[in-house]
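You will see two complexes here that share subunit A, one where it goes with subunit B and one where it goes with subunit C.
Here is the complex of A and B:
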């Protein structure tokens, strides 16, 4: 069943296959030209569970949905991961949330350490009493000269909690297992329980540095289900805010990459420039991280023409500064020596692992939601996809540099001619028994929200997918055979979200 | 004699932290920041000296004794080094060997303490320290041998003192190579960029800092102080070679020495600001360059001697 970004379908219309057909369909389509975008479960009556798979055909800008149902007494199926590594974390999530066993899954561990949503026996018997991420076995390489290094969940810097378990031979990393789940807050059930106003506030808190991206995806789900289209001016302002968020984070990342390589000048300059973009967000939304802007039906704040001119003037100046400082960073031989050839992910690996966002584009995967599944303002203004071929830290830094330039050009193009009109329309009741999908290219990559409503017009299931959920495994893969002292730099080049993964 | 020793220690203890403050300030200024006070290292030391030590249950006496040994070793080395017009209290023929030996002793105890904690990251840091020390010590030895032959003296005071025969006019090419080599060794031994990053918070990339993670309070102050004094010692060896200016006025000599030391600290700050840290597996290449420079310096010296 085909669906477009921001569209919705009646739940009953989605094809319901047998478990074997479902698996065959997902695997064969993904082996051909599609990409696994989302795979999640939803509870039905009497303890039954329905699995949905959303596959994206990027070239045709179409999403297709298939589903399969499990009755309460047959909770197992043949794991998809064995044929499709991209499904790895999704299947672990399904096993944890719905206590459905993916038979033959290569590394079946919980993801976030909580009791299942169905209220039946968990696959891990004492997980509800002992929800401690670190107390489950880690993958261990055996051998006399192999040593294990564990880092976290408490780190020396002020970063989010996560545990990294390295199996090393000397300085060489043989295997890295990344253990997250320390920040699980239960966002998905909370989004189902509350009303719309509360939901949008929650969506802004899914990942603090992606407040615009996630709240925009949430608003588009609600608007789709309510049959409302946000006014053009609101869509333009959302695009402005999303690009400002991207600019602030990409510029901050480039600075942090410099700092981790020990190159101080650019880290200080980029750090200050990140503040400039955050201040623009503050001027637009009243919050440095853009909270409080996107609301179902439009945006809360308008940008008058004086402010728009002011933004343009400042952005022109910031563009010159950025060109200067990034030229400094990318021309230093000592910096390039640190960036090049570190943490390489081949194009094939990136495709198999299902990477998204700048990490995928750095491995030459042409994938950008703003181009392929364009919605809102991006339907009228094309942003070229920023690509790089080498798949290393250098490529990921280069993609960020290009994206900053292209975002600045995009903003300078649309700010002088923002559409006129109101910025908000009222939202009516949402369509019952329907499934709505929205995708947003956040600064980390593809964000997808899926809302499924029940017969009373409330959410029966709300699925959030942060790009980090795809990419964490890519980081582990990139470190294989690398030097352990290069890990922080490589980690920074991905800069993934912990709480976006932990939800 | 006792008074001379005490004054020597007093001088080092009082002035050495200032150099670290200069490095931090230069780095801050180059990156467009105001930076911390020049006296911040003093404040840090005072803060640490007023704190208690915390020991984990697993550590033995090796861990407890190592900060004291490390600091004591640096104080012993101090006594062999002249500071400008301030003569070294202890000097004898062959004291350069003692310097290298005592530096190794402090390193041995630091590594042993790091291994004693049983913390995997400290072990990683210890193995890196041991590996790089193997290379930097060879380069340091080579430099000292070349200096000995150039100056035809076996004691450090003889090489660097008022009547030192080291002069750029006569020995320029050989001296240049030795000085360049010593500068690299100084950066490596004092854990500065491009070898190590003293400001990083990333445990996995650290060399020296990771071995201090388990130390706290007064112990940490000892380690920190020892590192500061070590930088001063290397500076005090390098500066008189670079600036062999001697006048008959001790006051002016002291000013030249002080200016040279601050200039050297500023130079280190500039080096740190102008390049990234090199990859860990390429550090050995840098140290081998230092060794090669010293080695060729030695060959040039021997060749001159043959003439």
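Here is the complex of A and C:
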């Protein structure tokens, strides 16, 4: 069944296939030209669970949704991952959240360490008891000359927690396993439990560095279910904020990459320039991360013409500075030697793992929500997709550099001519028994929120997907055959979210 | 090399004069210390997420850190310079303070704005304050996040690994009170429930200047108005 970005359908109308047909449909379509965008469960009455798969045919910009139901007494099915590696983490999540066994899953381990949402026996006994995930069955490489390095959860920097286990032969990494879950706050159940006001605040805290991206996705789900369209001016201001968020993070990432390549001048300059964009968000929204801007029905802050002129003037100056400093970074032989050929992901691997965002575009996967599933302001102003072919750290840096320039051009284009009118409309009751989907191209890639309402018009299930959920396995894959000393650089080139993954 | 030098000259010196000279002025929409007048009761900065739709009126005053949890509860429009100085901390760490950061369920906004203190704009190291890679090299911890179920053990172990005497700084609404995640099944109600806290820096996230101001007051480098 077709569904479009920002659209909603009656839950009862979504095709309900048998488990075998569901599997066949997902696998065959993804083997052809579709991409697995989302795969998640939702509880029904009496312990039954319904699985939904959302497939994206990016070339044709079409999304489709299929489902299958499991009764309480038959909670298992043939794992999709065996034929479709991109389903790997989704199926682990389903096993953990709903205690449904994907039979024959090659890598069935917990994701976030919590009790399942069905209130039945967990697939992993005691998973919710121990505060630290101590029983994780790490993949181990055996042999006399193999050694292991374990890092985390508390890292040597001001970053979030996660555990990395390297299996090495000398300096060469044979395998890296990334175990997360430390940041798990239970966002999805909390989003179902609370009211709208609390929900939007929670959405801003799914990943604080993507506050605009996630709150925008949340608002679009609510607006879809309430049958309301945010006024054009609000949509334009949301786009401004989302691009400022992208600019701040991409510029910061380029600085961090310079730092890890040992080139400090650009890291100091970019580090400072990142703050310029955050300060624009502060001027617009009163918060450096844009918390408080997006609300269902529109935005809470307007940008008068004086401020818009001021923003344009500043952005023109920032653009000049960025051109100069990035030219410095990308022309240093020592930097290029460090970037090139490190952490390579081939286009085929990237497709098979289902990577999204700049990491996918650096491996020449042409996918950008702003172009293919354009909503809001992006329907009227097209941003070219930034691509690179080599799939290494250099490519991931280059894609960011291009995207910074294109975001700046986009902002300079729309700021002088913002649509007129109000910035917020009231929100009425939401449609009961429906499923709404929204997608946003956050700075890390494709964000998807899915809201499913019950007969009282409250959320029976709220599914959040941060792009990091797709991409963490890409980082592990990129490290294979690399050197231990490449890890920090490679890690920065992905710069994934821990809390966005852990929820 | 010449290009690097040329760019360096163009970039110039960007470090804020703070804490010397005039206080930096933040944009009018910045939501700093709220005005209590007109509110029904006292305002607890340790719980507030400083959201614009809370009905509160905010000033642009960014100085909000407090040494005691109770000082975050504002009963009237007093200005919060509530940093009763602890002479032992000043004597021990006033000229050199090494900190280890632990994110215990933070959304990475607090972490990002702590990180910003290392940029040339704030240049934290000029005050002798530094974030170090190991708790064993540290004089204290900076904790963010509500302390999730899965991070509790890691936080306690990191705390134990810091040699005595040590201090703890809670940054952000989550670390102070649990914030949005207070009393939820997977999270605790902030760092204070597990380890003693010496400095509370409110915000969601706090502005870097709020954090810097708090740190400087804690070690006696900044006093009075």
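The definition used in the following text is that the second predicted complex is superposed on the first by the 501 of 503 C-alpha atoms of A that agree within 3 Å, B and C clash if a C-alpha of one lies under 4 Å from a C-alpha of the other, contacts with A are read in each partner's own complex, and residues count from 1 in each chain.
Note that in this section a residue touches a chain if its C-beta (ideal position, glycine included) is under 8 Å from a C-beta of that chain, and two chains touch if they have at least 3 such contacts.
Bear in mind the structure is a predicted one, so any value in this text is a computation, not a measurement.
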Superposition on subunit A - do subunit B and subunit C clash or fit: fit
Touch count on subunit A, higher of subunit B and subunit C: C
Touched partner set for A:488, first subunit B, second subunit C, both or neither: first
Touched partner set for A:268, first subunit B, second subunit C, both or neither: both
Touched partner set for A:143, first subunit B, second subunit C, both or neither: neither
Touched partner set for A:384, first subunit B, second subunit C, both or neither: neither
First, second, both or neither for A:428, with subunit B first and subunit C second: neither
Which superposed partner A:156 touches (first subunit B, second subunit C, both, neither): both
Subunit A as apex of subunit B and subunit C, Cα-centre angle in degrees (nearest 10): 60
Subunit B versus subunit C as contact partner of A:499, first or second or both or neither: second
Superposition-derived minimum Cα distance between subunit C and subunit B (Å): 5
Contact residues common to both interfaces of subunit A (with subunit B and with subunit C): 156-157, 265, 268-269, 272
Sites on subunit B touched by subunit A in the complex: 27, 30-33, 120-121, 123-124, 127, 193-194, 197, 200-205, 213, 272-273, 275-282
Subunit C - residues contacting subunit A, complex: 3-4, 7-8, 10-11, 14, 26-27, 29-31, 49-53, 58, 100-116, 118-121, 131, 133-135, 145-146, 148-154, 158, 179-181, 184-187, 204-205, 207
Residues on subunit A engaged by subunit B in the complex (per definition of touch): 147-151, 155-157, 170-171, 258, 260-265, 267-269, 272, 332, 334-335, 337-338, 342, 483-489
Sites on subunit A touched by subunit C in the complex: 112-114, 131-133, 153-154, 156-161, 181-186, 189-190, 197-198, 201-202, 205-209, 211, 265, 268-269, 271-272, 274-275, 279, 282-289, 291-292, 295, 300-301, 324-325, 328, 331, 497-499
